[in-house]
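Chain nomenclature is as follows: A, B, C and D, assigned in order of appearance, with residue numbering initiated at 1 for each chain independently.
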Amino acid sequence: MSHPIRVTVWGENRHEQLEPEVAERYPDGMHGAVAQGIEANLGQRVRVRTATLDEPEHGLTEEVLRETDVLTWWGHAAHGEVSDEVAERVQRHVLEGMGLIVLHSGHWSKVFTRLMGTTCTLRWRAEHDRELVWTVDPTHPIAQGIPHPMIIDEDEMYGEFFDVPAPDEIVFISSFSGGEVFRSGITYRRGFGKIFYFRPGDQEYPTYFHDGVRRVISNAVEWAVTLRPERTTPTLLRYETEDFYQGHGYEGPLKSEDEEAQSEEVR
Amino acid sequence: MSHPIRVTVWGENRHEQLEPEVAERYPDGMHGAVAQGIEANLGQRVRVRTATLDEPEHGLTEEVLRETDVLTWWGHAAHGEVSDEVAERVQRHVLEGMGLIVLHSGHWSKVFTRLMGTTCTLRWRAEHDRELVWTVDPTHPIAQGIPHPMIIDEDEMYGEFFDVPAPDEIVFISSFSGGEVFRSGITYRRGFGKIFYFRPGDQEYPTYFHDGVRRVISNAVEWAVTLRPERTTPTLLRYETEDFYQGHGYEGPLKSEDEEAQSEEVR
Amino acid sequence: MSHPIRVTVWGENRHEQLEPEVAERYPDGMHGAVAQGIEANLGQRVRVRTATLDEPEHGLTEEVLRETDVLTWWGHAAHGEVSDEVAERVQRHVLEGMGLIVLHSGHWSKVFTRLMGTTCTLRWRAEHDRELVWTVDPTHPIAQGIPHPMIIDEDEMYGEFFDVPAPDEIVFISSFSGGEVFRSGITYRRGFGKIFYFRPGDQEYPTYFHDGVRRVISNAVEWAVTLRPERTTPTLLRYETEDFYQGHGYEGPLKSEDEEAQSEEVR
Amino acid sequence: MSHPIRVTVWGENRHEQLEPEVAERYPDGMHGAVAQGIEANLGQRVRVRTATLDEPEHGLTEEVLRETDVLTWWGHAAHGEVSDEVAERVQRHVLEGMGLIVLHSGHWSKVFTRLMGTTCTLRWRAEHDRELVWTVDPTHPIAQGIPHPMIIDEDEMYGEFFDVPAPDEIVFISSFSGGEVFRSGITYRRGFGKIFYFRPGDQEYPTYFHDGVRRVISNAVEWAVTLRPERTTPTLLRYETEDFYQGHGYEGPLKSEDEEAQSEEVR
């Protein structure tokens, strides 16, 4: 890209307001910690802003999304408060080419479940498990510079079965002290957009200050930028024989409508 | 399965009512032709019923779906008239283990787009293209007994880019006289359910009387039966360390709620 | 299949001869234990024989392989003693439609590495790790009836990075007491054959007497049977325009040879 | 990469010597045309050299390969003359991280079939088919800037079934005038190396002067560069519990050998 990658870090920002120990752990919010990690790794190559649930339209207006190359999403306590309209808008922008990085408990967000089509449920435990993050796709851009394994001393446990579609690529698999495993770094292409789900990170632990976790998120930001020149919606079009490049708009499913529409087009 | 596969063939049944030439081509409706093809191929191994848009709840009540092992779906002119409630119900049953076979213009149905998360658009042309259906996964159950290529003398053209997630498996790829190509037989696993999308078939052509097309749909019916013993929703549960099999219900995301809930559980 | 599945269980059978404690653990050899497990689960649905390294042609003559629907492979100490000719013969039969189940240290066999094209290396440790085998593809035939997780009290550890091609399907992921993870049940289709690699099992532990391990291998035997009616090699053929079904044999790459060959065909 | 991508374009260079019309079509050899296309697209970003079959060690010494980031391969009439030693050397370098682009009839080369593990056969016809190359993965780096479809006025036909492993990614699917289809742009990761197979191109047609074809090959060169810092072989190592980063070399499969080896290590 000729210009810096425009990143919007979205945070629900509720635990930080309701739970003093979370506020102490993340004085700038979890979104603040995520944003700082990206800036620390990518410097001039990004321009980062944040947005939160309580802003009008959750800070994700049409204008903001149109100027966002990659959106990161962290939510947990208030998935249900995200408006359907905004969730649908985010989904549409992903399909048109906006990158999306879904973090940890964002697995259950409206945005992610709409894009996956499944329940996105899992097993979990909030104790003091050590998480080991193993790379199973060592040439993947998102895995570059990440130790094998990457050790996170304490984190929430997420375990299989993770009810998501079979990923396009599995980059990381985690284990936990208790013996559970999880496909913890997975990619999907949807429409013209690229999606990365990354498991680590919880309000109860300082995960978003972990160097390796920050590096993974930063790698993912660079990976998730779509290469297409402009943001467009995949559109259903009719193409005449031997006319490969000039599609016609859809004119309705019933034959009579087709004929009327076509005769109008001719006029 | 010890009992016959219980198949529900869903048809929109609008073209048949509105367009006399479609009614003539498909005197029992397109759903009738699909149902007969399945019965002709699978005989005693299936018990087939049909349901259509104009029935109460589109013929897809909770009871009907609970007793359906595999649902086939054809819609075109009236996708928008399918109620959100029924579309969500069908999606839920698929995630719980009901098989789903989406036929032709069903690509744009609420049911399929909800499960895919994408626009499911494509390019198309209703002329008299010959379609050749080539098998690219020759050991797949759905491909057994199908000629390579399978020739359909006249059919509507669907061409790439087909905006769907990368399939778990590509069984068939079609070409058309005009030179377009299409991933025309593709599988997805979603939740505990199995999905097959199959391209051929249109109200303008007698495609659902084609022996090979009927055989593919019948193979897919047998393939789509989930192997799990009972229909269950994937559910998010908490598991204590070393307790691998007894998950606890989710008690809310905020710590205070957790603690209250847990102390209640203890009592 | 109308006839019972014809299974050949291949065992290297060296540890059993050289190490008394292995002979005591597996009095009928490891191949004997594997064969008994398959028979115990599938009964009349299989006909099982065994073959070992020290037999002429390692017990895998052309005749034996032609009459084998599914071959299971365990080797460890003597991969290098398997003749290239037999390894190539097994590879060819897999490509023609014989199922192959590769067990544990068979990952480094000539047969498996030839079919994968990679080094098939991994990390390992022979201590007393507990292995937990988690299902990540719950509707897969091979996972039916297997506990989630399946617990193996003591086993050798294999860890990532496992240098194999990205699997077509990942059915199981294992963790070990030490925290390592491994893609422990994975499928591949190669030519007209189906391959399942399954990690558990070692000469140092009684793994092949474990009920769940035996059930997985038995499920895999049923899954690995190719559906194609006869065993054939994929062959490169020339097809004239509009002649979709009658390919001609390859006549050499150079034009003059083609022309000569064609003129001979005409005569 | 900080330095230009070091590309070696390998050509069999036999048709050019034996068939005057091929020599006229490709005065600098097909390898010359491929090399010029890469240079024309990537300029200072690459340093391209060529190598051919008749050079000592086919021009692919250990030294040449060690200094090659991406190798392109075209062969046809003389696959059998490539020495097993060189084929194995190329395979090893791919597994260690060298990119590989296999062109057209290279599908049947020793290098490609060793890496795939299958026969890599297909159906073909050398007539004057028009090839349409359709993009089915529009955000893939290799598809950037390529028309949809890309039209090649005349080319050899290759058709399914193409006996290769299910690709990691399908970027392009081709159709031909005769109605055949082919997965014509496909990717594989093997070891630490990335592989792209691209179908178009034949000695009988000026395909390697086609702007789009040259652009695809150039995109693939940039894509195929492995991101890993140095070229290393995946190696089987033993790791003690809690020692995640210091593996020990393999000391032989039999227990007695292990113990001896370990006691030696201790000394």
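Basically, a contact is a pair of C-beta atoms (placed from the backbone, for glycine too) under 8 Å apart; a residue touches a chain by one contact, two chains touch by 3 or more.
This one's a predicted model, so the numbers in the text were calculated from it and none came from an experiment.
Each step here moves to a touching chain, and the least such steps from chain B to chain D number 1. If you take chain A and chain B together, the chains in touch with both are C, D. A rotation of 180° superposes the C-alpha trace of chain B on that of chain C, rounded to the nearest 5. Put simply, the chain farthest from chain D by mean CA position is B. With centres taken as mean Cα positions, chain D sits 33 Å from chain A. Centre-to-centre spacing of chain A and chain C amounts to 38 Å, using the average Cα coordinate of each chain.
If you average the CA atoms of chain C and of chain D, the two centres end up 27 Å from each other. For chain D, the set of residues touching two or more other chains reads 132, 137-138, 148-149, 159, 161, 166, 168-169, 177, 179-180, 189, 244. Because contacts link each chain to all the remaining chains, their graph is best described as complete. Against chain B, in their complex, chain C makes its touches with residues 97, 132, 137-141, 144, 147-149, 151, 168-169, 189, 192-194, 226-228, 244-245.
Taken in their complex, chain B has these residues touching chain A: 15, 18-19, 76-77, 91, 95, 105, 108, 114-119, 121-127, 129, 159, 161, 163, 165-166, 168, 177-180, 188-191, 204, 233-242, 244, 247, 252-256, 258.
In the complex of the two chains, the chain D residues touching chain B come out as 130, 132, 134-138, 148-149, 159-162, 166, 169-170, 173-177, 179-181, 183.
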